[in-house]
Amino acid sequence: MDDLQALVDDIHREIAAHTERGKVADYIPQLAAVDPAHFGIAVATVDGREFVAGNADTPFSIQSVSKVFTLTLALGTVGDRLWNRVGREPSGTPFNSIVQLELEHGKPRNPFINAGAIAVADVLLAGHRPKEAIGEIVQFVRFLAGDETIVIDDRVARSETETGFRNFALAQFMRSFGKLDHPAEHVLGVYFHHCALAMTCRQLAHSGLFLAAGGRNPATGRTVVSRDRARRINALMLTCGHYDGSGDFAYRVGLPGKSGVGGGILAIAPGRASVAVWSPGLNRNGNSLLGSLALEMLAQRTGWSIFGA
Amino acid sequence: MDDLQALVDDIHREIAAHTERGKVADYIPQLAAVDPAHFGIAVATVDGREFVAGNADTPFSIQSVSKVFTLTLALGTVGDRLWNRVGREPSGTPFNSIVQLELEHGKPRNPFINAGAIAVADVLLAGHRPKEAIGEIVQFVRFLAGDETIVIDDRVARSETETGFRNFALAQFMRSFGKLDHPAEHVLGVYFHHCALAMTCRQLAHSGLFLAAGGRNPATGRTVVSRDRARRINALMLTCGHYDGSGDFAYRVGLPGKSGVGGGILAIAPGRASVAVWSPGLNRNGNSLLGSLALEMLAQRTGWSIFGA
Amino acid sequence: MDDLQALVDDIHREIAAHTERGKVADYIPQLAAVDPAHFGIAVATVDGREFVAGNADTPFSIQSVSKVFTLTLALGTVGDRLWNRVGREPSGTPFNSIVQLELEHGKPRNPFINAGAIAVADVLLAGHRPKEAIGEIVQFVRFLAGDETIVIDDRVARSETETGFRNFALAQFMRSFGKLDHPAEHVLGVYFHHCALAMTCRQLAHSGLFLAAGGRNPATGRTVVSRDRARRINALMLTCGHYDGSGDFAYRVGLPGKSGVGGGILAIAPGRASVAVWSPGLNRNGNSLLGSLALEMLAQRTGWSIFGA
Amino acid sequence: MDDLQALVDDIHREIAAHTERGKVADYIPQLAAVDPAHFGIAVATVDGREFVAGNADTPFSIQSVSKVFTLTLALGTVGDRLWNRVGREPSGTPFNSIVQLELEHGKPRNPFINAGAIAVADVLLAGHRPKEAIGEIVQFVRFLAGDETIVIDDRVARSETETGFRNFALAQFMRSFGKLDHPAEHVLGVYFHHCALAMTCRQLAHSGLFLAAGGRNPATGRTVVSRDRARRINALMLTCGHYDGSGDFAYRVGLPGKSGVGGGILAIAPGRASVAVWSPGLNRNGNSLLGSLALEMLAQRTGWSIFGA
């Protein structure tokens, strides 16, 4: 235990010394305004301990990290039928590419690229109004994290609604192939809101704990998904969680992970811990530059890589 | 121990009952002539035991499984400079696609698609004549497997030389971008020969043991690569080892693996075992249909998935 | 004169005998309901004569033929600056492809594919509300045809607004690249309305007469564009007017032309005549099957091909 | 007559004043060594006159201009069956792209891009050894030009054989789709040799005269192709003759034309004249920069544009 605390403190210190911090996402004002000097890390272990360093209690926009939660929720709702709507293969293209969508007739390659998460949001809308679907997602994330204070940052959601042209293009394009059941505006209403969830590293680490612990959150004692499904979600995070940098993340870090353009990354060490890091500057694939590095250090020093101790 | 033997026997029995066996690769006569009813499995554990069932001692053409060995050899030769020549990302396209190669100016996305393995062969040619480079590869695989009887099936190599137009196209294309140092004929001479290695499941399982055991073959006691490098090769196998079916293999099986169109698959359970399966019929992504299924059964029943027990 | 009348009568008779008539566009109800047996042809010569046969006075939805008129209007408004917004090259892809748009960062290849015409509509919106821009286009087409009775079919425009997801995707996509100045809804409002212009073959032939006569409508005596610009619009129609069937149309017919999914085609024989044909059934490139054939007969028998008498 | 001579002299003078001359093709030494200051123009009219200026009698490498002649020869041999082997649509991509070839399963889009001309060379090989096929092509071009002195520059052909990796890639790729009947080496032997034809502007203008005169060379009195076929070859030159700059050439010049990376362009004014220009510097699409400009001047001042006087 002391070791892990010393380790996250070390990582915090080493990261703080880095001057090259990547580029903060600037396509919406709320994200662009974030101070690139922020860094937080939180480790929640399956045996109930918690180790944090840096700005681990500062909320940030989790953006695409939320796709892990909507995927989990949608699998709970429609089960394996979800795979009729979205594939399970890495995309080999940037996160918002529309080219592959045309070649594959509107079926997104995986649930973690934008188009795929939009398809998942469409599934979550079935039988609901957008507001209700958004409410359900928030409730689910609070349940996962065991924290009722988690909320959506409405300014971020609104800002994306006004400027998310590319996502509108993706949604309209999928609709033109008959791959969305609801109007693009409704589906994106859900999508932009779950991306605008504001969470701290501590909250995020807790919300991923069920994936580290065979589907059951050891802190709350509640089963979220089956052991098999937890494994499979981890597999998807490993192969598809970092867009066109997924191979590199697996190579360097060796843990299932999901990043967001807000600079957060959730990583899972199966059987050990759930880890959240946050550093707003991004690398050229749109993943947190120093967040990735912090996880590489952690995996290196703990030997938690899933590819061999 | 008895349990594992019983398990591979069970898997053998269940696979034998399948009538849908996929489609044997037919693009070269030597592969097309193989009986689709063959099935072999061999498990070599890191503690020195061995469990086999079915045609585990029948040699087959390992084809692209050999790319794991040439990658390992090339990393040994040039180290991380290899990544100037080839990327580490899943391709999102079929194994022999040329489209992505044009978009990325002749640099293959990973060492396991054909173009990437051709780039690796070019690296192995440096300072050698093709014959010498081929000899080195054979020696290396014998060393890995601890078996001096392993040979190349020359008829297969010759046949591919005569009909492998697509691979010639890939090589000439890369050469047009200045991404190959040697003539396409020489590079493909090396490539076609290492793909034509004939091995049994038992031999193949042994040759992968170093990847399951932190870089050192416990049977021979010799270190092949560092612990870190073993992990990283496993990561590449997980994200890129099954072409455009890599995501699905990770999802269903949860082990690093590399397939070949001869119907073989090498899979690694880090810290546990190296597994080779062989069933000649392929699925639509060019991976062994029943081989994948056998590995799925094995991972399911042993709990060896790297994504959580 | 008698010869041309006999010729259009012959063509009408021969076309009527065809049983394979192509496939009526079915993506909006108003187009799908049109009787595929309709056929009309109208020839307006530069010396003021007019020859018609078949349903030459039945209004139909001119759809993409209208892009010739909006292009002409936009060139009149912003001149060659238009070419900063849209290219002049054939696309080599279907009319509604989004792939090329991604590769070329949101700049459409020519003003006759959907994306290009959307860019032109954006130009026509400058300083106007959508209703005004639509009004200007209608006025301009009436002026070209010398016919104040031409109107927009509002049901068609409304129907496209409700179901034109692909066009919304194109517009949002271009907007994401900063290539549209106005909201997608406004731009498409203009676009869908000018595509919904209802015209007869006789009206359409007259509206194109200025392109056959060096930029001046000989019937009204009014100059529309310079001689040079008329030539250039004809060149664009020749290279880009039939989507991915432009090469074939040039090869078989040899006249500048622009087709619409309503089954209409406007063709120009420079120095001779403007010709409009209408047959609702389309070929696989989305161009009128029998309309193309009728123009091929006409060009063959008159020797009007621009590629040599 | 005096007017035309004065005109070509004027053009020569104006072109000579240009300092921006484009970039000489440098991928083979023989082309790279050519002086960019060269400029030649030759106009051969259908009524038997000839007007030249500049270096009109200096031989240059006609490169892709030769594709007009091999297309004509292949159509003479196999007629419309040629269109089973190659399409008639503009490509929308650079001259040597392999992407479209993959999407269209190895069938080139038109006979003027490299892949298409390679398919034509394959057709011309039927029943011949490469040497014979090359001999036939030379004989045919001599017949067209009425000049027995025309020869191939063997150094250019040899140089391309050694360095034309991209063309080898195209040929091997087509062969992998079963779209070439002969070995890539043989087909490219023919292709590289006809591209290496050395001709003067005067010779080139004469060799295209049959296309300006309805299929019959008025100088020799011999019919080369039917009137219809001449028209259709002109149509192909207009839509596909300048690679991804074909639309722009049609827009600015308004004449069917075919360019080569040696800096030559053959342009046809149907019913009037055949024109050859030569200036070695190329624009970004690989077409002669000043050659295009010279033809634009010529078309502008003569009113020969096929899109309206």
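Going by the order they are written in, the chains are A, B, C and D; count residues from 1 in each one.
Quick note on the criterion: contacts are C-beta pairs under 8 Å (C-beta built on N, C-alpha and C of every residue); 3 or more make two chains touch, one makes a residue touch a chain.
Keep in mind that this is a model prediction, so the values were computed, not measured.
Steps from chain B to chain C, minimised over paths through touching chains, total 2. With centres computed as the average of Cα coordinates, no chain lies farther from chain D than A.
Per-chain Cα centroids separate chain A from chain D by 55 Å.
Remark: chain B and chain D have CA centroids separated by 47 Å (rounded to whole angstrom). Distance from the chain C centre to the chain D centre is 32 Å, each centre being the mean of its Cα atoms.
Residues of chain A found to touch two or more other chains are absent. If you check each pair of chains against the touch rule, the ones that pass are A-B, A-C, B-D, C-D. Against chain C, in their complex, chain A makes its touches with residues 97-99, 102-103, 165-166, 168-173, 175-176, 184.
Within the complex formed with chain C, the residues of chain D that make contact are 87-93, 100, 109-110, 211-212, 214, 227, 230-232, 234-236, 238-240, 244-248, 250-251, 254, 256, 270-271, 305-309.
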